[in-house]
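Quick heads-up: structures coming right below.
Next, two complexes with chain A in common: one pairs it with chain B, the other with chain C.
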Partner chain A sequence: MSITDLLFYADAALILGSALLAVSLRHVLHAALALMMALFSTAGLFLLLQAEFAALVQVLVYIGGVVIFIVYTILLTAQVGDALPRIGTAKNLRAAAGALVFCALLLGVLWLGHAGEAIADHAGNAVLAQAGGVKAIGRRLLSTKPDGFLVPFEIISLLLLAALVGAISIARKPAGDAGEAAR
Partner chain B sequence: MIASLHSPLATELAARYPATHPVGDWVRAHLSPFGAFTVNALLALALTTVFVSLTALFLVWMERKVCARFQLRLGPNRVGPFGLLQTLADGAKLFLKESFMPREADFFVYHLAPLIPITSSFMVFCVLPFDHHIQIADPQGGLIYLAAFLGMGVFGVLLAGWASNNKYSLLGGMRSGAQMIAYEISYVLCLLLIVLASGSASTRDIVLAQHGTVLNWWLFKLPGCGALGFLIFLISSTAELHRAPFDIAEAESELTGGFHTEYSGMGFSMFFLSEYSNLFVAAGLGTTLFLGGFLAPQFGLGPLDRALDLVPGFAWFLLKVYGLIYLYMWLRWTFPRLRVDQLMALEWKFLLPLALGNLAIAAVLVTLGWLLP
Partner chain C sequence: MNLHTAILLLPDALLLAAPFIVLFVDLFFNPQHDARPVRRTLTVTLLAVLAATGAALAWGAPEVVFLNAYRVAPWMLWFKACFAGAALVAARMAEPCFAGAEGQPARLTRPGEFFTLLAFAAGGMSLTLSARDLITLFIGLELATIPLYVLAGYYRRHEDSTEGAMKYIIMGSLATAFVLFGYSLLYGAAGHLQFDALAAHLAAHPGDPLVRAAALFIFTAAAFKLALAPFHMWAPDVYHGAPLPVAAFLSTASKAAAAGFLVVLFYGPLAPIRPALAPVFAILAAVTMLVGNLGSLRQENFRRFMAYSSIAQAGYLLLAFLAERDFAVGALLYFLTVYLIANLAAFFVYALVRGEGVAAVNGLARTHPALAAVLLLAFFSLAGIPPLAGFNGKFWLFTAAAGAGRYGLVLFAVLNAVVSLYYYMNVIRAAYIEPPPVGRSVKVPRDVAWLLALLAALLLGLALCPAFNRAVFAAAARP
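Presenting the complex of A and B:
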């Protein structure tokens, strides 16, 4: 077993352990911290695959963006100090069954498509690492050539802008409540 | 501007500023690749730890001295020459103090929170180029890395404020969380401006892209945009550091210290340490991005340039960094604290549109190739 394998198993154990904690801890803030740990370890997995850009964006977007806002939302809600009510066994079982079905689906895709071998072959491949490098991704994302992603990139940014404007217009109080909103 | 990795200029710069340090080379020559990797990494970690601790000690002393001078006082002058050992004495006192926790506080989060800001500060230290061969790591996406880890510091503040189970702490934590998230946007837009101009996100490449005379520093290039970017960077980094005039998170007179009210002993000193190491990081970042990093200032005058070039790069880096740190301290002891609404209005209604417009104009200038003033 090489060092890479050891690192992979250690990282995978960390991801699975913290993901399990994220869904089972009864305190919301602790669960959010466990989620942060799981997302952070996933960045480590990307690094093992030499996908530097994916790892950095994982930390930037999920830790610096998503989890911060989750924590912020939790802190703004009233009963932060209280533990959540215990979840019934039936509900837990249903959730476990759903997770198992999804897991089986992923494993099926990996085995049927021989994607597992392909991933194993490409791990640590220098050419692939170059293709996943920051410069290559940046060029291709904004390229107007047929293999470029300029149009989808712009469409996604428009979509995000629309979502932002929509969120503001939903959160905004109607004009009649202006006095109350200012307070 | 480094157009491509294989241009003659880039090759010449790489030859003039080799990336590997003699010590690292010696270790690599005498050990197996894995052994050399381990030894070099441990060496770098040990050096960073020592450097961060000493820098923080010195900066606390410097802040007290600068503050005293601004208020026509003498500052610490009893322990050691010029009071230099005062911080060491204070540190020893903090180390010996009992570290106690409020009864209803959350044990795990309370003890985790002080470790997060100092960790993120250490992570950022790894990509700061102290000299062309003194840099722990130089990832291709250096500035994405910086943005990712600078943003993590806010966790420490938010979690500390919540875990203390004290309304002043929670208020301070929430205020500072909102402030850091808001100002991070214009902060990152400034990083983006430099990526756009130098065509690279690696900190080393950004410094090398500024070689030449002083006028080649990004501060003076891109007529107006570079200087405006530096100004926005200075304001938003002051807010990120929550130093006055943006210190409503701590606001000693209203919140009795904000998020770290309930921390004593080592917990408090961790926050204190990270505050000053982050000050160094912010100044180092400003130096790297706008002031030519480790490059010696050149004025286009033959003998003077050669004389300035004899001074090693890390000396220039530290000189520029301490110049910026002095500027931060100057700001802190000159301006009064802003109100919360003024603070938010400044970012969302003024700095953010300004930074966006600056970036748009800079993009046009870069596309046209008008880099020089």
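Presenting the complex of A and C:
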């Protein structure tokens, strides 16, 4: 077992542990922090795979964006000190059963189809060979060659604008509401 | 870019420009933020989209690929016309809601944003179909659904609307998670995101269990969007809470987009494993028909009724995926076009009558015979009564299933169609036999009258017009 393997298992244990905490802790803020930990250790997984850019994006987007956003939402809406309502054992058991079935399905698929090395062969190497740092990613994002991503890159801006318009039209106070004069 | 490419790309370009045009008109030329100018702008833009689509179809060009990443084929143009048409009718239906029509839960505000989001959703649906890689496909699907989350909750101080929108967001996010997980498995198996490379990998390894699991996840997500039976729970609540025009758009364009998404994948890169999934399609189709039909039997609220009715219709729709590509796409296009027209017409009549219950149309034949006739044609077409186009649509779908040798399923579908006849007839009975309520005033503006007349004429005329049939199957046959 190499040092990379050891690091992987340590990181995987960290991800699993903090993910479990995130769903089982009854204090919302603590759960959010545990989620942050799980996402952070996932970034570690990317580093182990030598995908620095993916690790960076993981930290930036998930921790810098998503979790901070969740924390803000909690602070602005819920009573922070309150614990979440207790979830019944039956519900917990059902959720656990669902997760186990899902896990068994994935393990079964991986075992049946690839039994270890095949995935690394045709996917991992291809990914590593293509990735090659931030510069290559940037070039590929704006490339019009068959393996480029110019069109989706441009389309994302439409999605962002649609989400912005939607968010603003939900968040703004309705005109004429609560004694406010109609605009 | 040559003329060829330009002509086939024009409908998409116009459709994607529509939200911007609407937003700018609302910002600079609509100081009072009235609904009418923005709705008119959207209508004109969408009419231009429809004209461009018709021109591109008439041009008879084979598919084009733009920048190696954006594909437009004749059958996609047909779908795009459906999205634009549904948005056009839904927009016209929505305009009175901003004026505070009585009978609505509340007055809608902010027409500019409403019509912008509607146009964005139609644009996203169009993008989904034209994708040639998983990323574009994903972004297109998100662009098609995120505006709909907002639109579903547009009555913001209204509990049902907020509840429906919340359910829609949660179920929609779950579907998104499923589809992303499926994509990641596909990427893990093939190492590529482009459809061509995925197809090459699948042709080389047709039995790869990783790919099969991926296909199952992706299909589950599409089943959420189509509201197929075990994944249909959100639909009645969302339709119930959403403003009527949004429910109309959800039950038509959104379903067509989900069907188009399935066509893109299961007759595209995932084609080699479609036969393996055929039993799943068959079982879900049967369950969906049954659940939808049994659910519709006892609905008092019109939107819930239409929600279950459209669940049942989605069950019929799934039969197409049992057939080979050309016939399946042709049958789907025919069925969806006719279904869209009939559903939009039915929703529009209820929007004019302004009632929440199915019984709102009681005695419509005595007070407004023309409206009652439109309702009659729409529901007869949805039920699939022979002289109407809805019969042909169902006929092609059943033929698709029969062609795949699934006669038992066809028999089951026919029995279901008979059950559906009962509840569709119930509405017709209300409109023609029940006495009208006192003091109902229904105003039909002239443009709406023309629109409804057009929809009714299409329902009658398309079935009797072999050219329509030929055009649909010709568009479907050109890849």
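As a convention for this text, the second predicted complex is superposed on the first by the 158 of 183 C-alpha atoms of A that agree within 3 Å, B and C clash if a C-alpha of one lies under 4 Å from a C-alpha of the other, contacts with A are read in each partner's own complex, and residues count from 1 in each chain.
Going forward, a residue touches a chain if its C-beta (ideal position, glycine included) is under 8 Å from a C-beta of that chain, and two chains touch if they have at least 3 such contacts.
Computed from a prediction, not measured in an experiment: that's the story for all the values here.
*Asks:* Does the superposition put A:Leu21 against chain B (first), chain C (second), both, or neither?
*Replies:* After superposition on chain A, A:Leu21 lies in contact with neither partner.
*Asks:* By the touch definition at the top of the document, which applies to A:Ile3: first (chain B), second (chain C), both, or neither?
*Replies:* In the superposition, A:Ile3 contacts chain B only.
*Asks:* Counting only touches as set out at the top, which of chain B and chain C does A:Gly64 meet: first, second, both, neither?
*Replies:* In the superposed model, A:Gly64 contacts chain B only, not chain C.
*Asks:* Per the contact definition in the header, classify A:Val165: touching chain B only (first), chain C only (second), both, or neither.
*Replies:* second
*Asks:* Can you tell me whether chain B or chain C touches more residues on chain A?
*Replies:* C
*Asks:* Taking the superposition on A as described, I'd like to know which of chain B and chain C A:Phe53 touches: first, second, both or neither.
*Replies:* Once the two structures are laid over each other on A, A:Phe53 reaches chain B alone.
*Asks:* For A:Leu150, is the partner it touches chain B (first), chain C (second), both, or none of the two (neither)?
*Replies:* It touches chain C, and chain B stays clear.
*Asks:* A:Leu29 contacts which: chain B (first), chain C (second), both, neither?
*Replies:* first
*Asks:* Under the touch definition given earlier, write down the residues of chain C that touch chain A in their complex.
*Replies:* 16, 19, 23, 33, 66-70, 109-110, 113-114, 116-117, 120, 123-124, 127, 133, 135-136, 139-140, 142-143, 146-147, 149-150, 153, 156-157, 185, 187-192, 194, 196, 201, 208-210, 212-213
*Asks:* Hey, which residues of chain A end up touching chain C in the complex?
*Replies:* Its residues touching chain C are 105-106, 108-110, 112-114, 119, 122-124, 126-127, 144-152, 155-156, 158-159, 161-163, 165-170, 172, 174-177, 183.
*Asks:* Any idea which chain B residues touch chain A in the complex?
*Replies:* 34, 104, 106, 108-109, 112, 139-141, 144-145, 147-149, 151-152, 154-155, 158-159, 161-162, 165, 170, 173-174, 177, 181, 200-201
*Asks:* Note which residues of chain A are touching chain B in the complex, please.
*Replies:* Residues of chain A touching chain B: 3, 29-30, 33, 36, 52-53, 56-57, 59-60, 63-65, 68, 71-72, 75-76, 80-81, 133-135.
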